[in-house]
Amino acid sequence: MFELTTQNIGTLLLDGSTIFLLIGVLMLSTIMRKRGRQDDKLFFLLVIENMVIAVADIITYLADGKDFPGARFLNMFGVSVFYLVMIMLCMTWEQYATVRFKRSSMKLSKRRKLSFIPGIVMQFILVVNFFVSYVFYRDDSNRFNGLVFAVDRSNGYHYGILFVPMFLVMGFYMVVGFVLVAKYRTGSNKTLIPVWIYFIPLAVGLIVPFVFGGLSLTSIGIAMSMMFTHLGSASEITESVSEGGESA
Amino acid sequence: MKFTEITSENVEEFSAYIDADTADDLDRTFFRSIGALGDDDAPVGAIVYELKNSENEDDTKSRIILLEGIDDEVTEQLLDEYKKELSEDEVTESYYETSNETLYKLLSDNGFSGEQEEGEEISVSVEDLRKLNGVFKVKSFPEYIKSISELSTLQYRSFIKNCLFRGKYGILEDLSYLPKSWFETEVSSCAVVDDTVQGILLIRKNPSGKLIAQLYVDIGPDSRRNLLLILAYSCRKITELYPEGTEVIVRRHSDAVRKLTDKLLSDPKGDKVYCGTRSEE
Amino acid sequence: MSDVGYVSLYVNTVAIMLCLGVHVLVWKFKMKDIREKRVFLYLLGDIVVMSLFYILCTFRDDGVIPCNKLGAMFLETGLEMAINIFALIWFLYVDYRMFHSVGHIKRNAVIIMVPLLLAVLMNIINIPTKFLFDYDMSEMHVVETSFYVFLDVIRLAYFIVSIIILVIRKRKDERMKFFSIGAFIIPSVFYVFLYYFTPFPTVSLGLTIAVTLLYAEMVNEKCYQDEKTGFYNMLYLDYLKKRIAENKYDLRSILMFNVPESEMEKSSPLITKQLPEFCDTIRCGKDKLIILSRVKDKGPLTMLSEDVKMSLEEAGIAVESSFKLKKKNETAESFLEDFMRNA
């Protein structure tokens, strides 16, 4: 039967706080979107993706290890959505960093289009994984762990062979994004925000639950990193909106 | 009969009709004056009036301050000339307040309504102010309460601009055109906090020696306390610097001023005056 | 450590991370008023201290750190002090943000400080007397007495009075739109509510989210500002146009200054010094500034125009000015449209 454990409540609290914070940031940044800048639109997309990740995280943690009807399906679905949107978020993050800091156009060059192939392929694999793993579930006679992951009959989680490559793909986009942020930020020493501020929350959010287990800090870590980057860069890049456009 | 504009240059010729206090105001932005000259070009009468709302979108009105003539014929002709001038300023209404019964009758005969009321102005003596010093019980004033003589031009003008942009004029239609020196700087007081004027009590001394309160306002966060302190400061200064017979005039032009005078003075009553209006459209 | 302990640890660690991150961002943020920035940083700093105390109290309750009764009481008292001080700093922040007057705070220092001093005294006296709360060493948790509510009342008083001041000021000053009461109240109240109905110390997280949203609003305000001069930009004018159309902004006059583009940055502090309150200055072109105001007379506009001209001419900057008053039968909307068309 469905039972809310302390850990579940904790996850609800943290992921709920992520959504709360992001809704607040979204509402308060409507003026930024009115500027009509491409990076503001990408930030909006990042926030939406992050909120979806938080919701998927909640579903996963509520369903994981439980035996109520539909728990296994919810677990598979939640985790699949989580990873799918995570990959999407990493790609959006890289695109955001390129547009915002490297000041490239949103239009993708051939090279940038090619760079999205690993992410798109991984997402396709995740979709396939959902169906394949759900049908060929792991039990004593079948030790198939899915392409990326599988959830067995007792609602337990298992890693597949593409689990680590999936994280490598995510990591690739994340790192490229952060390198672009570090390399192309402009401003004086006085106003330049230490670049570690942007990726430490994300690192903590990913590493701590992985090492210590327990609750998920992923979505709030991502939320903090994205928010710090976008809001923080407001004081780094000079602009003139008087003529309704962007300079430099 | 001829008519001429009276200015500070020729006002002395009309001294029989215009008192020193009114003459002093003739140079002010919204004050107008018409002098009547007899056949031998000798002054025979004068009318002085002040325009209200002449620089904004509201209906322009005119307040008749003084109307004097050698006889009724002169005053009637002055009123006709006055009406012609009003059309140039697009005045829609004239009004007056006077204790002069003859003037009241003359104006009533010329289309003005008229009734007797309690006047807006009350007169306060130095003795009354000495009693008020006892009521305020301020032993020593904080450093930030001072005379406006200690203000720089920038501080003064910044505060006046702040007042004007909040719609606070006191009884001065032309506050924006008056320099600090127009007021009696030693008895006019202010509250200066963080190098910015927050409140002020501006007092003008007329040629006849009367002191008239012009603007009393505080726009800062501690307005209640500051208003009390600057009033107490000015009262003390007046009692120190002016003799017993000095008259202090307060025009109770708003409910707030009325409430304050009712609170501070025992039974403050204005003189009985005649008031009336006339449409000029 | 118990599950509740883990959740408490994670929640407060997130609060600390968020606070520290926002702390660095605010520190680097270009703010005109250094004092305002400093108070905001103290606010964040206090939340970090509060979160640390929550973590220590969690460790205490879970037996992770060995503690005798006195130590337990000190930890709890430290937490209470951090909360009391937050209430005071918040009040000072709102007051300063509204009035920008240190003199006003100094003159009212006694009234402002007395509630806090009372709360501190109550906390100190509580250590030996336990009249507010006690620590149950057998059950390892805090037991509050009925007198504890007085402490809450003192803190609530600071918050309520600050909200009242904010509401009153927001009605008069258009610029206060960048200080959203909801952005602070909603997360704070929600997480305090959670604190009372769950075993988790969520107060610091709620306050952190609230303060983060206030920071987001500061960044928001920057978007409305012209980077070089600090005056508002065309985005703000669009916002004011909407307010005018809704009859929420009483526009009666517009004053315009033409300052050469090369001198605009140099002249902005000189112009700012002459500007009165309750008018909005917008840079609407490379060399044009307009001031929208509720003034309906020529006199104040002439005065302002003269003062700005004099100030700039003293600095060797040529400036042209003109102004226009709204006509009686004209709507504020058409008045502004006509002006911008001809400007």
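Just so it is clear, A, B and C label the chains in written order, and each chain counts residues from 1 on its own.
The definition used in the following text is that contacts are C-beta pairs under 8 Å (C-beta built on N, C-alpha and C of every residue); 3 or more make two chains touch, one makes a residue touch a chain.
Everything quoted here is computed from the prediction, not taken from an experiment.
Path length between chain A and chain B in the touching-chain graph (shortest route): 2.
A count of C-beta contacts for the chain pairs B-C and A-C puts A-C on top. Chain centres were defined as the mean of their Cα atoms; on that basis the chain farthest from chain B turns out to be A. In terms of Cα centroid distance from the overall Cα mean, chain C ranks first. Chain A and chain B have CA centres that are 71 Å apart. We define each chain's centre as the mean of its Cα atoms; on that basis chain B and chain C are separated by 43 Å. Centroid to centroid, with C-alpha atoms defining each point, chain A and chain C lie 31 Å apart. Shared interface positions of chain B, i.e. residues touching 2 or more other chains, are not present. Contact with two or more other chains is made by no residue of chain A.
Contact residues of chain A toward chain C in the complex are 5-7, 9-10, 13-14, 17, 20-21, 24-25, 28-29, 31-32, 34-35, 190-194, 197, 200-201, 204, 214-215, 217, 220, 224, 227-228, 231-232, 234-235, 238-244. Here chain B touches chain C in the complex through residues 29, 55-58, 144, 154, 157-158, 160-162, 164-167, 174-177, 193-194, 220-222, 225, going by the rule given at the top.
Of all residues in chain C, those touching chain A in their complex are 2-4, 6-7, 10-11, 14, 17-18, 21-22, 24-25, 28-30, 180, 183, 187, 190, 194, 198, 200, 202, 205, 209, 212-213, 215-217, 219-220, 222-224, 226-228, 233-235, 238-239, 283-286. Residues 95, 98-104, 107-108, 252, 273-274, 276-279, 293-300, 302-304, 307, 325-328 of chain C are the ones touching chain B in the complex.
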